[in-house]
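What follows is a set of structures for review.
Shared chain: subunit A. Partners: subunit B in the first complex, subunit C in the second.
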Partner chain A sequence: MISFTSLTILAGGIATLAIYSFLIKENPFYRFFEHLFIGIAAGFIPIYTIKGFLWPQVLEPMLGLDIVTYPDGTLSKEYSTSYLLFLMPMFFGLFYYAIYFKKIAWIAKLAIGFALGYSGALTFKGFFAEMLPQLESSFKPLVVLGETQAVDWGQSASNVIFVLTLLSVMYYFFFTFKRSGTGSEAVATSGRLLMMVCFGAFFGSTVMARMALLVERMQFLLTDWAGTLGQIFL
Partner chain B sequence: MESNYRKKLIRLLTFLGGVYFFFEFVLPEAALEGIGLADRHTEISNGFRAFGAMAVGLGIVNLLLVHGSRVLMVRKNWSYSLILLGGLFSMMAVASLDWLQGERLTKTASVYSQLADFSAVIVRDHEEKKEGVLPLKERTSYLTTAAEAALIKLDPHLNTQNVNKEDTLLSRSYIEKISNSRMEAGSYITLLKGLEEFSVEPYDGVKKELSTIRSELQKLLFLKQKNALIKKLYEFLYQGLFVALGSAMFSLLAMYIAAAAYRAFRIKSFESALMMGAAVIVMLGQIPFYAYISSDLPFLRAWLLEVPNSAAFRAIKIGASIAGLVMAFRMWFSIESESFSHEEKA
Partner chain C sequence: MLNRRVIYFAVMLAVGIPIYFGYEVPPARMQAAEKLYDIIENYDVKDGEIALVALDFGPNTKAENQPQAEVVLEHLLRKRIPFALVTQYALAEGFLADIPETIVNRLQQEMPDEHWEYGVDWVNLGFQTGSSLFVQSVAKSKDLIGTFVQDVNGTPLGDLDVFDGVKTIKNMPLLLEFTGLVGVFDTYVQFFQSEGYVPIFGHGCTSITIPEAYIYLDSGQLSGLLEGIAGAAWYSKLLSEAYPERSAGMEHINNTALGVAHIVIILFILLGNVLAFTEKRSSDD
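Then we have the complex of A and B:
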């Protein structure tokens, strides 16, 4: 009798092999698991949203289900009718579904417009709350002193390179006026070269991140999956 | 005429959508407190999130329309659509049932934290001399009676039934902690019953022990739940398929990146040589074989990522963010939305 744990491992191995079979060419085995993946992922997200947000943050307080009645009949907190105001955005959110009815499809644009409006304001907030501190912290001290008040040449050089890279790359994208003179061209060129280093490092770390996933899958196939197969068939 | 009215309405709502977060950011804290918004910020943000969360069904409706019609009409590749819908509904059903089961377990364990809270509330109300509540002795009697009943109800849970073999030791440690706290709570309850003069200590003791019972019981119940059919089905769908397929899909990209780089990456200029050099150092610095080449490779890799990469990426990000800020304003004031707001042509 195969246990559920073994069945889970077996399914994981078969699914992994099915996805890798795409490397040979697209085939029904791959397409079966591709569609299954989309279905499972699409089924997981709404329940995750309800479980993680809608139920505990909106529905429970709105229905007063988070209020506890103590043994002496007193309540842990008073019910606030202001929670009923959640019904307004929820009802407004239903406007999205008007898109499926041709005659009233324009109503969906009200909801989409509202979402665009608040995401625009959030972008504004995010820019000042996140980018400005980053910009400020980018201008590092060009001369760093160590614990003995002696110049830390290594750290100072790193900081100089950091600031120069930041400025030259920003300058490269500065198109407001035409660059003239060898000095400005040299700054822009160094910006381009340093960007190449950045892209190279970025490319390398992306490849390695994917490789780490590949290694994990290979380990799973060679140890867990092969081990389970061995237990069942040998 | 009607079209114009709709356009104006859409623009108005787009503007109104951003008003709250804009003013919440630009107005000082004191001004927000003055108009009563500071205390309500979490609820208002949750309102916006609830509005956004309502869109979660759009994806399911779209999948149902596209794949459901393909199955019903037996169009080309209908069998794949059937598999997709099968995965969708089975995950929704199993995840919902697993969540409900988890909620039931949390509810069983939360009885103890509620009593712990009640103990703290009695002390707080007594110290604040709160009016409109029962006298201290009567409330304490309610607490002791309910706590004693709750401690008796622990009996059916204090065993290793339905626990996996590998979790037996862990479950025993939970049972031991619960039993100890139960004994301690019992002695505090006895103290409370015979209390002549108010003292915080036994109330705090009951609160502490009941809170421990709650957390340990929840862990024990979740260990037992691991063997329930729904949990196993959920693990099968989540770990066996969802996680495995996700990892395999993303790791597939490693092959394609490598293949694409092999085909298209040629060192024809100084720029491409720099890019390749940086990539090679970052990749070599991350593998265990770096020691055969140079022991400085991990340091060089870290420096490349932290200094030039981070600085250049930050410069690009700053530029993109300024552009994003301008776009956000254009979107908010509906300057950007001509194509979005105009009516579709028949």
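Then we have the complex of A and C:
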């Protein structure tokens, strides 16, 4: 008898091989499993939103279903009518669907406008909370002294490179005035070259991430999947 | 002209051979990972404190984020620092349940006299919707039990020992977040703080987001960082040194396989350039 765990491992192995079969060439086997994955991933979000949030935190308390009646007739807690306030944002959220009806489509703009307003405010607040510490940390000393008051050459060089990169890259994107003279062109060019180094680092780390995915899948195929196959067929 | 399938096959062999034969080389020292290790190792947890651990990853970045989460959660369990697991990514729900249970089973085998229990040492708060609104609601909450209401199994948080004395964000001195999603990580950087209070923030990122994560490390917004598989491997080595009885996972072998794959790719890049150069020269002649 094959256990449920073994079946899931077998299915996982077949799905992995199907996805990697794309490396040989595009094929229906690959296409089927690609659609299957997208469908499952898309289905997860509404289910977990209902199960993990909407039902336990909104609907259950609002309908009083989280109140337990004990054998002696007493209740675990009193029903609070304040939960009915949840109906207001729910009703307001329904305004989005007015977009499907021409005559009242303008109502949807209220909900959209509200969403734009709060997300804009959050982004504004979040931007400062995120960027100010980074701006502050970009003011680095060019000469760093160690514990013994001797110059820390390694850290000093690192800070000098940081500041030069920051200034030259910012200068490259400074389009208010026309750049003239070889000096200013040289600064802008060095900014561009330093960005290229950065893009190279990004590309390298992207390759590393893809390889990490392969490592994990190979580990799964060579240990879990091969082991389960061995148990079933040998 | 080299067939691309030859390259794929070579890379597959480069990755597969170390995994199949269990070949491993010691990982390189990762200073940012060591920083996080030192913070947790030296953290003296007080009553009424809990770490918040956000596992915001799914199958797409499991390869890098899962080993990171495993070593850090193992460290928390060993140090008896209680933690609450949460995610803003629906596909992570399975990991929230499986990872701590697997680690606890391993720890119980290593130390049969010790005992770790769900609801006492950790709690699973499950998938939370709302993105930045959710993070802000936690940061602003004066009653975290009322904010989260219940765990993933429907048990009221007030009934679980792990939440005893936990009221506000100030009772969450450690924030640990594992993700490859920059947008999710940002929400914690931006909103998981209150007036005059910023928690110790450890982060596990994927290789793609390493260059960006260094910015946060440099600015002090991050206290420690696990960089991809390499960060997890170094953290695992530190754990093995501190706890010699520990049975290590696959981190070192995976890190070795990754290194071998990199060497093969570098060789192919060199080969490609040499071939392109010689072809150009012969066509010029």
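Here is the rule we use: the second predicted complex is superposed on the first by the 184 of 234 C-alpha atoms of A that agree within 3 Å, B and C clash if a C-alpha of one lies under 4 Å from a C-alpha of the other, contacts with A are read in each partner's own complex, and residues count from 1 in each chain.
We adopt the following convention: a contact is a pair of C-beta atoms (placed from the backbone, for glycine too) under 8 Å apart; a residue touches a chain by one contact, two chains touch by 3 or more.
All values reported here derive from a predicted model rather than from experimental measurement.
S.K.: Taking subunit A as the common reference for superposition, should the pair subunit B and subunit C be classed as clashing or as fitting?
M.R.: Clash - subunit B and subunit C, as placed by superposing on subunit A, overlap.
S.K.: Between subunit B (first) and subunit C (second), which does A:P71 come into contact with in this model arrangement: first, second, both, or neither?
M.R.: Only subunit B is touched by A:P71; subunit C is not.
S.K.: Counting residues of subunit A in contact, which comes out ahead: subunit B or subunit C?
M.R.: Larger number of subunit A residues touched: B.
S.K.: Could you say whether A:Q219 touches subunit B, subunit C, both of them, or neither, answering first, second, both or neither?
M.R.: The second partner, subunit C, only.
S.K.: Using the superposition on chain A described above, determine whether A:T49 touches subunit B (first), subunit C (second), both, or neither.
M.R.: both
S.K.: Examine A:L229 and indicate which partner it touches, taking first as subunit B and second as subunit C; both and neither are also allowed.
M.R.: Neither: A:L229 stays clear of subunit B and subunit C.
S.K.: Between subunit B (first) and subunit C (second), which, if any, makes contact with A:L193: first, second, both or neither?
M.R.: A:L193 contacts subunit B only, not subunit C.
S.K.: For A:A98 in the superposed arrangement: first (subunit B), second (subunit C), both or neither?
M.R.: neither
S.K.: Name the contact category of A:I24: first (subunit B only), second (subunit C only), both, or neither.
M.R.: second
S.K.: A:M211 contacts which: subunit B (first), subunit C (second), both, neither?
M.R.: In the superposition, A:M211 touches subunit B and subunit C alike.
S.K.: Which partner does A:V144 reach: the first (subunit B), the second (subunit C), both, or neither?
M.R.: It touches nothing on subunit B or subunit C.
S.K.: In the combined picture, which part of subunit C sits where subunit B already is, 76-84, 148-156 or 184-192?
M.R.: Clashes occur only in 148-156.
S.K.: Going by the contact definition given at the top, which residues of subunit A touch subunit B in one complex and subunit C in the other?
M.R.: Residues 23, 41, 44-45, 47-49, 53, 57, 122, 125, 127, 129, 134, 198, 201-202, 205-208, 211, 213-214, 216-217, which sit in both footprints.
S.K.: Which of the residues in subunit A end up touching subunit C in this complex?
M.R.: 23-24, 41, 44-45, 47-49, 52-53, 56-57, 122, 125-127, 129-130, 133-134, 136-137, 198, 201-202, 205-209, 211-219, 222-223
S.K.: Subunit A touches which residues of subunit C in the complex?
M.R.: These residues of subunit C touch subunit A: 5, 8, 11-12, 15-16, 19-20, 58, 60-64, 66, 90-91, 93, 126-130, 132-133, 136, 149-150, 152, 154, 180, 186-187, 189-191, 193, 206-211, 215-216, 218-221, 228-229, 250, 253-254, 257-258, 261-262, 265.
S.K.: Which residues of subunit A touch subunit B once you look at their complex with the stated criterion?
M.R.: On the subunit A side, the touching residues are 4, 7-13, 15-16, 18-20, 22-23, 31-33, 35-49, 51, 53-54, 57-58, 68, 70-72, 74, 76, 82-83, 85-86, 88-90, 92-94, 96-97, 99-100, 106, 109-125, 127-129, 131, 134-135, 138, 158, 161-163, 165-167, 169-170, 173, 191-208, 210-211, 213-214, 216-217, 220.
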